[in-house]
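Paired with subunit B in one complex and with subunit C in the other, subunit A is shared by the two complexes that follow.
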Partner chain A sequence: MSLGFCFQSSFSANPILLFAGFESIIHEFDPWFNFRATKYLVANGFYNFWDWFDDRTWHPLGRVTGGTLYPGLMVTSGVIYHALRALTIPVDIRNVCVLLAPGFSGLTAIAAYLLTNEMTPSPSAGLLAALFMGIAPGYISRSVAGSYDNEAIAIFLLVFTFYLWIKALKQGSMLWGALCALFYGYMVASWGGYAFITCLLPLHAFVLVCMGRYSTRLYVAYTTWYALGTLASMQIPFVGFLPVKTSEHMPALGIFGFLQLLAFLDYVRSAIPSRQFQTFLWLFAGAAFGLGLLGLVIATSAGFIAPWSGRFYSLFDTGYAKIHIPIIASVSEHQPTAWPAFFFDLNMLIWLFPVGVYLCFQQLADEHVFIVVYALFGSYFAGVMVRLMLTLTPVVCIAAAIAVSALLDTYLSVKSPKPEENQAVEGAEGKKAAKSGLKATNKPVVGVYTTWGKGMIVSALAVYLLLFVLHCTWVTSNAYSSPSVVLASRLPDGSQHIIDDYREAYQWLRQNTREDAKIMSWWDYGYQIGGMADRPTLVDNNTWNNTHIATVGKAMSSSEEVSYPIMRQHEVDYVLVVFGGLLGYSGDDINKFLWMVRIAEGIWPEEVSERAFFTPRGEYRVDGEATETMKNSLMYKMSYYNYNNLFPAGQAVDRMRGARLPEVGPTLSTLEEAFTSENWIIRIYKVKDLDNLGRDHSSAAAFERGHKKKKVTKKRGPRVLRVD
Partner chain B sequence: MRLLTLLSLTLLGFGSAPTLAAAKKTPEERFQHYHNKALSSAPLKLADASYRELTSAPRDYSVAVLLTAMDSRYGCQLCREFQPEWELLARSWTGGDKKGESRTVFGTLDFGDGRDIFMSLGLQTAPVLFLFPPTIGPHAVASPEPIRYDFTSGSQAAELVHSWLARHLPDRPHPPVKRPINWMRWISSLVILSGGLTASYAAWPYVLPVIQNRTVWAAVTLVCILLFTSGHMYNHIRNVPYVAGDGKGGISYFAGGFQNQYGLETQIVATMYGVLALCGINLAIKVPRMTDPRTQSVALFAWSGVLFVVYSLLLSIFRGKNQGYPYSLPPFM
Partner chain C sequence: MRSLFSLFLFLFAAVVSAISASGNRLLVILEDVAEKTNYSKFLGDLESRGFQISFEVPKSESLALFHLGERSYDHIILFPTKAKGLGPNLTPNILVDFMNAQGNILVALTSDLPTPTSLVSLLAELDIQLPADRTGLVVDHFHYDALSSPDMHDVLLLPPPSATTRPDVKDFFGAGAGRDDDIIAFARGVGAVLGSSELLTPVLRAPRTAYSYNPKEQSEVVDDLFAAGEQLALVSAFQARNSARFTLVGSAEMLQDKWFDAEVSKVGEKKAVKTFNREFAKRVSGWTFNEIGVLRVNWIEHHLDEAGATNESNPKIYRIKNDVKYTISLSEYSWTTWNPFTLPGDDALQLEFSMLSPFHRLPLTLDAAHSSDSASAYSVSFRLPDQHGIFNFLVNYKRPFLSNVEEKNTVSVRHMAHNEWPRSFVISGAWPWIAGLGVTVAGWLAFCALWMYSAPVGGKRESKKTQ
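For the complex of A and B:
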């Protein structure tokens, strides 16, 4: 009954908040690609989807999409769509996609309920965990309607896989282990974060073994999960043979082997006398360790095992990404987490979390060890990378629910103990208490004597919980339910004003350009252009080819003479830039520009230099003091072209960076302005064709402006494309 | 007028020395001379005259010169940090190329020895690394001007500079950087390791109860969790300052803005989380186990009071970080 309520509340809270402000729309960047892929799946069937080669992205390379994505999300919504159709419920695939995330957040709440119930006998803990899970902002960020992202279903799969693992471990059951492997396979098919499970379960097993808790239950659960789960994960083309090759999967494989050894030793111990067993054990352990290490070294040096993949490596050596892979460091979700972000996403759960973990130490059965390990690991990774807050949220909700339920169970009971009885009991039982537990819990529970004390704690808790709900509602409606495609701002009189430049520009592209016109933009907008404008792009958010991205970075950060051949070679028809100077919009391309420079510099250190974009005093400026390289770069020119004309002479101001711009704006000779959106957020330029008279573009443009043509004495050869 | 004479004087001074020197020796002889010198002590320690002779215009070899200021008076931190790397690079390059096939000479010019060169080049900062490519011979380049190495990005390892050199000297041998084996470090780590092993063997009976003590593990776990959830990793990665001034001579404990924080700030927050968690633990575990009604009432009142006040303080700090956050609790409204 109450679970149903929790389920409903978590399901219904989100869409209402969303639809209050905006129409049904897909959010952000990645969801646009997922939506496009889902449409393709529904239209062409599963096998065509599996073999899908997408020639409309990464022009001119194309992308083997079927083999380079996690298909779980698309297949899930495809199945739901076809099931509803089979039930003769007419439904649009877009609505399935938009409402998938809130639907799965309800399932996540149920999974959290089940997992918490495995941890504590108190029935209220599970309900509280489901409630927390349903409304914690850390998870709502990914479960609002329209957030059609892999994480939408992955968090449910994560929690449910953990639940099945605990179940399998407790019962030593092969059936539960197989179910766990099944959902693990589903998880692998859905999200790259599956590596979190792949590392956490072996770690849990390892900690249990170290605590001397090896048992046949553990053996059965782990080996069933590992064997079946690895087979399942290898069915995904994108994952393929990674589980036996890359280092992040090695702990799981290593623990698998280790458990086999332990099982073997266990068998030998039951067969031979203990004296001989000691000798045997030492020899055996030494040999196994030596052989394993040797094998690992040989396999790594011979190249059978890939080195740590960059994204994973950057989690441990935190300075690594900044030096070696700027493309990873440039993503805002990969930044480390400051403390306000934790409090913002979890509010009071953040301090209830340690309480719950401490309570887990009280009993410390196998499943409590899991919570402790998960808590430690999850909080470390959440601290390193903002987006991994998502994997921390479930354990925070569970631990906090255990803590709150322990408090409520103690202080909400009507029965009060009598002082005299306990005084007598104390002497008898004081010394008997178990030695292994926590020091604090050696004494028996007495209960709370005073009714006012109970009332005070319960009412304080009620206030905190109410505050938590208010906080979650506030955060969700303010931060997470506005799609970044549509910006909301407040007018001076307090009314809401919708800024819809992105969709305006994409609509323009859709209606005014050829079907196969290639659009060059920074990779952030690739998925949106592909999804909303339906035009081929050079690079997009699936950042698999660093060199290609660096090519775009070079074109943006070089002068026109260098950029033009690059754009011609890539058959670029239009260039799209995002400019926030008029509106004070911070997410624009000038602010991202240094990352383009850095990424380009990583490939062409001779031609692009980050240093050249800083003034001698080390400032990044866009006004009259900006460096020549900055002023001549294509990005600068495209952003500020014609911007002066908006203002009285000499008063042009960039409101984002608070800079007064030079009186004479930049000139463009190889591009012409094609479109600028209402608030100047999106600017689109058309790449000019080669000049009819064989002049180069700068002299042609100078001629148009009315400058006298310089006398050219040298006879020109046939017109050729300049190749750098 | 005076400026002009000064300029011409400088030009004369700059121009005359190399012509004199160049008149004496051919580029080939110069290279052999300096290469033989370098074989015994690379990089060469240059002075005004030798710098001019080595880098004078018709040359069929490359010169890499580091212009540095090692004297402690100039307080050049980067110069001192880079010097051992530079020496390592020069030594391993020259040592790996005894026959001079790469035709590259490494030299160092200190500000103390070559003040005039620094002046004539108009250098304001140090260190500066110049690579003079050959002007004649098979690898000649069009411009005799040196190529300047960019010292901007952080620490400079010899390998980075090596790859920069290799990029600018194509089709020539690039002897790799050979780092000498750090015997001291190996020996000391071996000693420390064996010492540690012995100590742990001796202390094992005393350590074992601590390792197996559940309370110790609980405490360590909670401290780690508090560290991570209060943004310690952010400090570690971003190297944020511990505290900063508020511009009025005082100390500002909390950084402005949602995405910033100071070291001290995270410690304050971690402490507050810790206090809140401690209150929660005591209320959940300790208080209901107290047998004396009076003590229990006092403890209950105290812990819940502390909880309330600290949570209120935490909310007010968060409001400072996130303008527009609407919720608060008394007393810190």
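For the complex of A and C:
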């Protein structure tokens, strides 16, 4: 009954907040691709989706989309869609997609309830965990309506797979192990973060073994999960043979082998006398370890096992990506987490979290070890990458729920213990306690006697819980429910003002350009252009080809003479830039520009140089003091083209960077302005065709402006003769 | 009624297309409309070929090349005018717009009058240079006409242009005129210097001994030579990327009646011969006004060239390593009819299959099965590369004097679908693994059978122990 309430509350809290402000719309960047892929799946069927070659992205390379995505999310919504149609409920696929995340957040709450119930006998802990899970901002960022992202279903699968794992481990049951493998397979089909499970479960098993807790239960659960789960994961084309080839998956394989050895040793121990077993053990362990290490080294050096990937290195050295892989470092979600983010995303849970972990230490059964291990690693990864806050949130909710329920269970009981009874119990247990090991059990049972003390604690806790709900509601409505394609701002009188430039521009593209007009933009907007404007793009958020992205970066950061041949070669028809100078919008392309330069420099160090965009004093400027390279770059010209005309002469100001712009604005000869949105956030330029009369573009443009061609009779050098 | 109307329209269109491949409205700009009598034969030839000629003077109020954004004329001839400029209706920008709208222009100059500035800056845009001070005279002390200019040497006698220098270029202007007595008289004309633009081609060059000077300033001594010899182009052709044509004739006089009929005699030869000017003028104007050298792509077809495949035409998508056949049908317009296009001797028509850069560049060969008496088809069969992506079938055939052919057909080339690979039992390398599978399965079954049908021995052992 109350679980149902939790489910309902976590489901309904979000869409209400969302629809209050905006209509049913897909958010951010990646969801637009997922939405488009889902539409393709629904329209063309599963096999066509599986073999989908997408010729409208990564022009002209195309993308083998069916083999390079995690299909779980799309297939889930496709199944829901078809199921509803089969029940004769007419539903739009868009609404299925928009509401999928809140739906799954309800399931996550249930999974959290189940997992917590495995940890503690207290019935309230599970409910609290479900409640926290439903509204914690760290998770709600991915579970609001319209956040149609892989994480939307992946977090549910993560928690549920953990629940099944604990269940399998506790019972030593092959059935639960197989179920765990099944959901693990679903998880692999849904999100690249499955590696978290792949590493955490072996780690848990390893810790248990190190604690001397090897048991046949562990053996059965782990081997069932690993064998079936690996087979399941290899069915996904994008994963393929990675589970037996890459280093990230090696721990799971290693522990699998290790458990076989342990099982064998266990058998031998039961078969031979213990003295002989001692020598046998040492010899055997040494040989196995040596052989294993040798095998690993040989396989890695021979190339059978891929070394750690760059994304993986960046998990251990936060500076690594910035130096070696700018494309990873350029994503804001891959930055190290700032400490206020923990409080912002988890609020009071963050200080309840250690209490919960401590309570787990007190009992420390196999499942509590899991929570401890999960807490440790989740915290580390959440500290390294903003995005991984998401994997930490479930364990925080569970640990905090255990802590709160322990408090409530203690202080909420109306019954006061009688001192005499207590004494009696103590007396009776005195002898027993002296024998048993742990110190904690030695102490007498302590009770709370006064009602006012109980009342104070409980009411304080209630206030905290209320504040938590307030915080969550505030964060959700302010930070996470805005779809980012629609910007909300406040007018001086406090009313809401919607800035809808993105959709205005994408709609313009949809209605005014050819069906196959290629749009060049920085990769951030690729999915949105593909989804909203339905036009082919050069690069998008699936950053599989660094060179292609660097090509776009080079075109943006070079002068027109260099960029034009690149754009011609890639058949670009329109170039789209985001400019925040008029509105003071910080997420614009000039602010991202240095990443374009860096990524281009990674491929063409001779032609693009980051240093050339800084003034001699090391400043990144856009005003009159900007370097020549900066002023001649295509990005700068496109951003500030015609911008002067908005202001009185000489008073053009970039409000984002607070810079006064030079009196004479940049000129463009190979591009012409095609569209500028209401607040100048999106500017679209058309790439000119080759000049009809064979002139270069700058002289053709000069002729158009009425400048006479300079007479070339005053040449100093030798005559240039025509040779044909 | 409606069908009758469309039939009429069709006939009308047929009549129109019998003249020029692109319309018959011709505008002639003269200093004075009365001057047209000087060119009566040239203009009469044009009229007899079906052009509707309108005459205007540059400064006329009613003169407008565009009406409501559409061209009012298809072709323009600009004869020499006295004024320094050409007025507000013939600015270089308007003339460039006219060419961008696929209008054709023929300009005739003369050394008697300075060239209007409007034309000079238009020519500068086309990469054609005229002598300084907008005037110049081409003379040749070895190839002049002994009858008309024994002193001034300013009437040049030239053989018709031949295609010997460029065997891959069709000979439009000098064909069939190999005889010695076919001589072009180039009277009192201006020579121009052509830049290195690939859109420019000289039609008639000056002889090696000719040079250009300014008769007003350099009558005593030629101190600063503008150009000499074959660098001086007397008649030059420009074809824009959209196939709009522009011809510069250095001597307007050579188009006049008097030189059509005149008899000339070379230096040292007593015999007087008739000039070739009339035929040459016909060919130059015919080329400029799209009567010859116009190529048309009738259709393009590509399809899967594999046994058992459905023969769908121009599919949007292929798979890697498909066999594909590409065919293009071309016609060439020649005065009145569309003829099959035949390649000049040393030339080749090529197909590129490209993504960013060409993966294939293949010569197209004549496909007689799809050719007719008005079109010739060229085709090639090939295997697509082992690379997926968005490719273009590209025929990029741009030759001097022939209108441009640039045909791009985009297709996607997809990867192998999951069920298009050969099955494992077809691959011989997979047999050991399949055998391994079979052995494992059989072994497991055998073990199970052995286990199930073995008599339990535990009881006996137990009893032994108790003993």
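List of remarks:
The criterion applied here is as follows: the second predicted complex is superposed on the first by the 685 of 724 C-alpha atoms of A that agree within 3 Å, B and C clash if a C-alpha of one lies under 4 Å from a C-alpha of the other, contacts with A are read in each partner's own complex, and residues count from 1 in each chain.
We adopt the following convention: a contact is a pair of C-beta atoms (placed from the backbone, for glycine too) under 8 Å apart; a residue touches a chain by one contact, two chains touch by 3 or more.
Because the structure is predicted, anything quoted here is derived from the model rather than measured.
In this superposed model built on subunit A, subunit B and subunit C occupy separate space and fit side by side.
Once chain A of one complex is fitted onto chain A of the other, the partner contacts of A:A406 are limited to subunit B, with no touch recorded for subunit C. Legend: residue contacts after superposition of the two complexes on their common chain; A:D51 is shown touching subunit C, with no touch to subunit B. Of the two partner chains placed by the overlay, only subunit C lies in contact with A:H570; subunit B stays clear of it. By the document's definition of touching, of the two partners only subunit B reaches A:A382; subunit C does not.
With both structures placed on the common chain, the touch criterion links A:L693 to subunit C but leaves subunit B unconnected. The superposition places the C-alpha centres of subunit B and subunit C at an angle of 90 degrees about the C-alpha centre of subunit A, rounded in steps of 10. By the touch criterion defined above, A:E606 reaches subunit B but does not reach subunit C.
Among subunit B and subunit C, the chain that touches a larger number of residues in subunit A is B.
Nowhere in the superposition do the C-alpha atoms of subunit B and subunit C come closer than 25 Å. Subunit A meets subunit B in the complex at residues 318-319, 323, 336-344, 348, 350-355, 357-359, 361-362, 364, 372, 375-376, 379-380, 382-384, 403, 406-407, 410-411, 419, 422-423, 426, 436-441, 443-450, 453, 456-457, 460, 463-464, 467, 470-471, 474, 605-606, 609-611.
Remark: subunit C residues 92-93, 96, 99-100, 121, 124-127, 129, 132, 165-166, 193-199, 201-202, 231, 240-242, 244, 317, 355-356, 388-391, 410, 412-415, 417-419 touch subunit A in the complex. If you check the complex, the residues on subunit A that touch subunit C are 47, 50-51, 53, 55, 59-62, 64, 67, 237, 516, 569-570, 690-695, 703-704, 706, 708-709, 712-713, 720-722, 724.
Against subunit A, the residues of subunit B that register as touching in their complex are 150, 152-154, 167, 214-215, 217-218, 221-222, 224-226, 228-234, 236-238, 258-261, 265-266, 269, 272-274, 276-277, 280-281, 283-293, 296-297, 300-301, 304, 307-308, 311, 314, 318, 321-322, 325-327, 329.
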